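Chain IDs A, B and C follow the sequence of writing; residue 1 opens each chain.
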Amino acid sequence: MSAAVLEVRGLSKTFGGLQVSRDIHLDVRAGEIHALIGPNGAGKTTLIDQIAGETRPDAGEILLDGRAVTGMSTARRVRLGLVRSYQVVRLFDDLSVMDNLLLAAGRVGFLSCLPRPVFSCRAYRERAKAALAKHDLTEVAALSAAALSHGQRRLLELAMVSLMRPRVLLLDEPLAGLGPEQRQAMRGRIAALREQTAILLVEHDMDAVFALADRISVLVNGAIIASGDPQSIRTNVEVQKAYLGHG
Amino acid sequence: MNGALLLSQLINGLQYGLLLFLVAAGLTLVFGILDFVNLAHGAFYMLGAFVSATITAISGSWPLALLLSPLVVALLSLPAERLVARPLYGASPLAQVLATFGLLLVIEALAMLVWGTEGRGVPLPAWLRGHVTVFGAVLPIYRILIVAIGLLVAVAAFLLIHRTRFGMQVRATASNRVMAEALGIDTVALEARIFAFGAGLAALAGVLVAPLSEASLAMAFEVIIIAFVVIIIGGLGSLKGAFIAALLVGMIDTMGRAFLDDLLRMVISAEAAETAAPAISSMSIYLFMALVLAIKPAGLFPPQTRGKRP
Amino acid sequence: MNDPKQNGAAQAQEPPRSRPLIRRGARLLLYAELALLAVLLMAPWLSTWLNLPFWLDLATRLSILAMAAVSLNMIMGLAGLVSFGHAAFLGIGGYAVAIPVWHAIYGGADWLAGESGLFHFALAAGLGAGWALLTGLVALRTRGVHFLMITLAFGQMIFYLLSGLEAYGGDDGLTLDVRSQFAGLNMDDAAIMHWLAVAGLLLALLLHAGLKRTFFGLVLRGTKADDQRMRALGYPVFAVQLALYVLAGALAALSGGLAANHAAFVSPSMAEWTRSGDLLFMVILGGSGRVTGPLSGAAVFVILEEVLSSFTRYWHLPFGLLLIAVALHQAGAFTAFLAQVRARGKQGAMRAEADQ
């Protein structure tokens, strides 16, 4: 068993009387896809927000490669390799597809490139171009991100996060809003990412989750009620009750 | 430094702080409820002073001017609300400040047309010109009157916002405009009333100040920045914050001007203190603002629903 | 964010960038601005040829104001930061020239005294950058209207500081008995002074245009569009914006140093908040984010100020009305109003038809 890249210990968070995270323990190991499932409103996105640093937890610790990042800013976590995507795709709509990718690629050692014209940063440009090709976006490179279809926007976001050299990737519903064929393609791309990075995957598409995940944790009412390999989760009585009980 | 001097300076600071509150209250209400930054708010303060000068000159009665001027200015503010402010409620702050900066210049020019460039003094009735002695401190009756009126209006404003039906409608509109409309509140009329109410309060401050200095065109430009400092410190949109911040700013400014010179003498040479004191004391409230913001970027009492970063 | 209000203006969502006043004629406007730049370059010859020395003075003023406006345009256009305290930098730059000159002539403060232009402008840039750094550390923790008001208050702080400098004239300001000395340049020659101002303007324009093309510019555009997303990409948004703010502050202070040399006089009114409003007007009128925009903005402002104030002492009235019109246009209020009128007209027509 490989070591945990990301470790969450005893994370708790209360929003105005509502406890959205209850003493959550979770880890993601190198090379694995760890899926986080649960009914709507279980607190999945809030948990991602806390891990990414956009919301402060009330208690608990977050460790990246054994190093506490709990008090760090989002930007610092990202620089250490803790990268996220958003449930609702979040791109720079006014910028071109290429510029979006350049920003994602340029994060590493960006100081040396700052004073140079955008296109003289060859290392970035080459990586961005490679990502364009890999995600079938070359033809739309010059369009503004706002002009893309929803499927393309999802692809662009995936291309961006994969350019950021993540250690752990937090994917928040990467399949949401996609058609059946697009889903299939996206599943393949996520599976391929496994070689590059560990992944914490939040997803409602159970077919995809059971096909992709090495381990699954189930979050209900802010607490993890079960955690294990797909087979054990499938047969877990508690999980079945929770899903049936909450619709 | 003796007790009597300290007491009289305390009264001065309190008086200045309450006047600032009267100006800042309208500014912070309009920001909190209408989502509107009004650089022209100081113009209503100036108009209050000039209108009171005219009413006093015509009727010979200053108390009449005190009562009438805020009403007159509140009425005068309505066309400004309709034509300049209302189209920009909730618009970008940039458009708002640009438009109200323009409005300020327009009102200034119109005031210049009506009253000329010279300042207008406002004579007080004899019975307000006296002094009383309290604990050895000689206090002008008029300053005590200002403090009394200021406190009275502050209490009345709080009661109006927090205890009356009007206030309830105001708070409902502030928190959710669409819901308020669904409940049958005429939000357009309500917003105009809030705007005019704020203008009237600022005018009242102008009326009260005029006998101390005089009515002048520069008033509009001077007061507005200090009023902004007050509501930034207090938390944009908070009436309570504006009250506390206004008193703090009034005290700090007054005490700085009165005693900083002496305080500095203890540390540096008398000559250096004499040069440094005026410069530092004129900046003191800004330094205080910087200090507050360094610790609390949203001010002392940031309202829950407004003025917060997303 | 706050709840969107269902008002007339709300139909015009906050535009991603302010619209230039003339949208269809954008290309024409650019040519006009480039032509203006050419005229500014040749102004000393033109004014001699036409025998209008006063025009040269106006052209120099225009160049300096435009340079200051470019500095403001940089932070507005690149990072979306609307500052209402930019005039403070002009005041700082002006006094960074005037105070060393005063000491050079009247003695005292040997460490500060000097007539060297390089020293003056280095001091101006340094103090401008320092002030931007100090205030930026506080102001940049906020956004939007908070940032605007805080910069306004900080700007006024400089105004009061300068007014409180009794040793240097206080409210009345300070006359420069000599101008900054540059080897080989006669600064008392109006043409030399003018070309120096134009050089400053060109420097500012090139800096802005260059920045736009660098990776730094792209990062700034990202922070302007969505600062939280930029953080999620790992960028130190605060530091990036602070760097830009410091750069712009230094640039604006340089224009203040030029203004001091041009007028041979400084006063606290250089830093007055209404001056910040004037600069904002120039940027908006030219279209914020358009590199050459401040040229037309400053030209309109200078012409208005000169022409209107020579006609009437009430020139604030038409100027104020113009400001209101520009702001209402910028917020799309006119378009919204016209749409309303049209909708009402249609309703009326339909009702008329229904009545028949």
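Here, a residue touches a chain if its C-beta (ideal position, glycine included) is under 8 Å from a C-beta of that chain, and two chains touch if they have at least 3 such contacts.
Because the structure is predicted, anything quoted here is derived from the model rather than measured.
The chain closest to the protein's centre is C, with centres computed as averages of CA atoms. Each chain gets a centre from the mean of its Cα atoms; the one farthest from the centre of chain A is B. Here the CA centre of chain A is 50 Å from the CA centre of chain B. Distance from the chain B centre to the chain C centre is 29 Å, each centre being the mean of its Cα atoms. Computed from the mean C-alpha positions, the centre of chain A lies at a distance of 43 Å from the centre of chain C.
Multi-chain contact residues of chain C (touching two or more other chains): none found. Along chain B, no residue makes contact with two or more other chains. Shown for chain A are the residues in touch with two or more other chains, of which there are none. Taken in their complex, chain C has these residues touching chain B: 1-10, 12, 14-15, 18, 82, 84, 135, 137-139, 141-146, 148-150, 152-154, 156-157, 160-161, 163-167, 273-274, 277, 280-281, 284, 313-317, 319-328, 330-331, 333, 336-337. Those residues of chain B that touch chain C in the complex are listed here as 31, 35, 37, 39, 84, 86-99, 101-110, 112-113, 176-178, 181, 221, 225, 228-229, 231-232, 236, 275, 278-283, 286-287, 289-290, 293-294, 297-298, 306-307, 309-310. Against chain A, in their complex, chain C makes its touches with residues 16, 213-219, 221-222, 225-226, 228-237. Within the complex formed with chain C, the chain A residues making contact are 52, 54, 73-75, 78-79, 83-84, 86, 90-95, 99, 102-104, 106-107, 110, 113-118, 121, 124, 160, 164.
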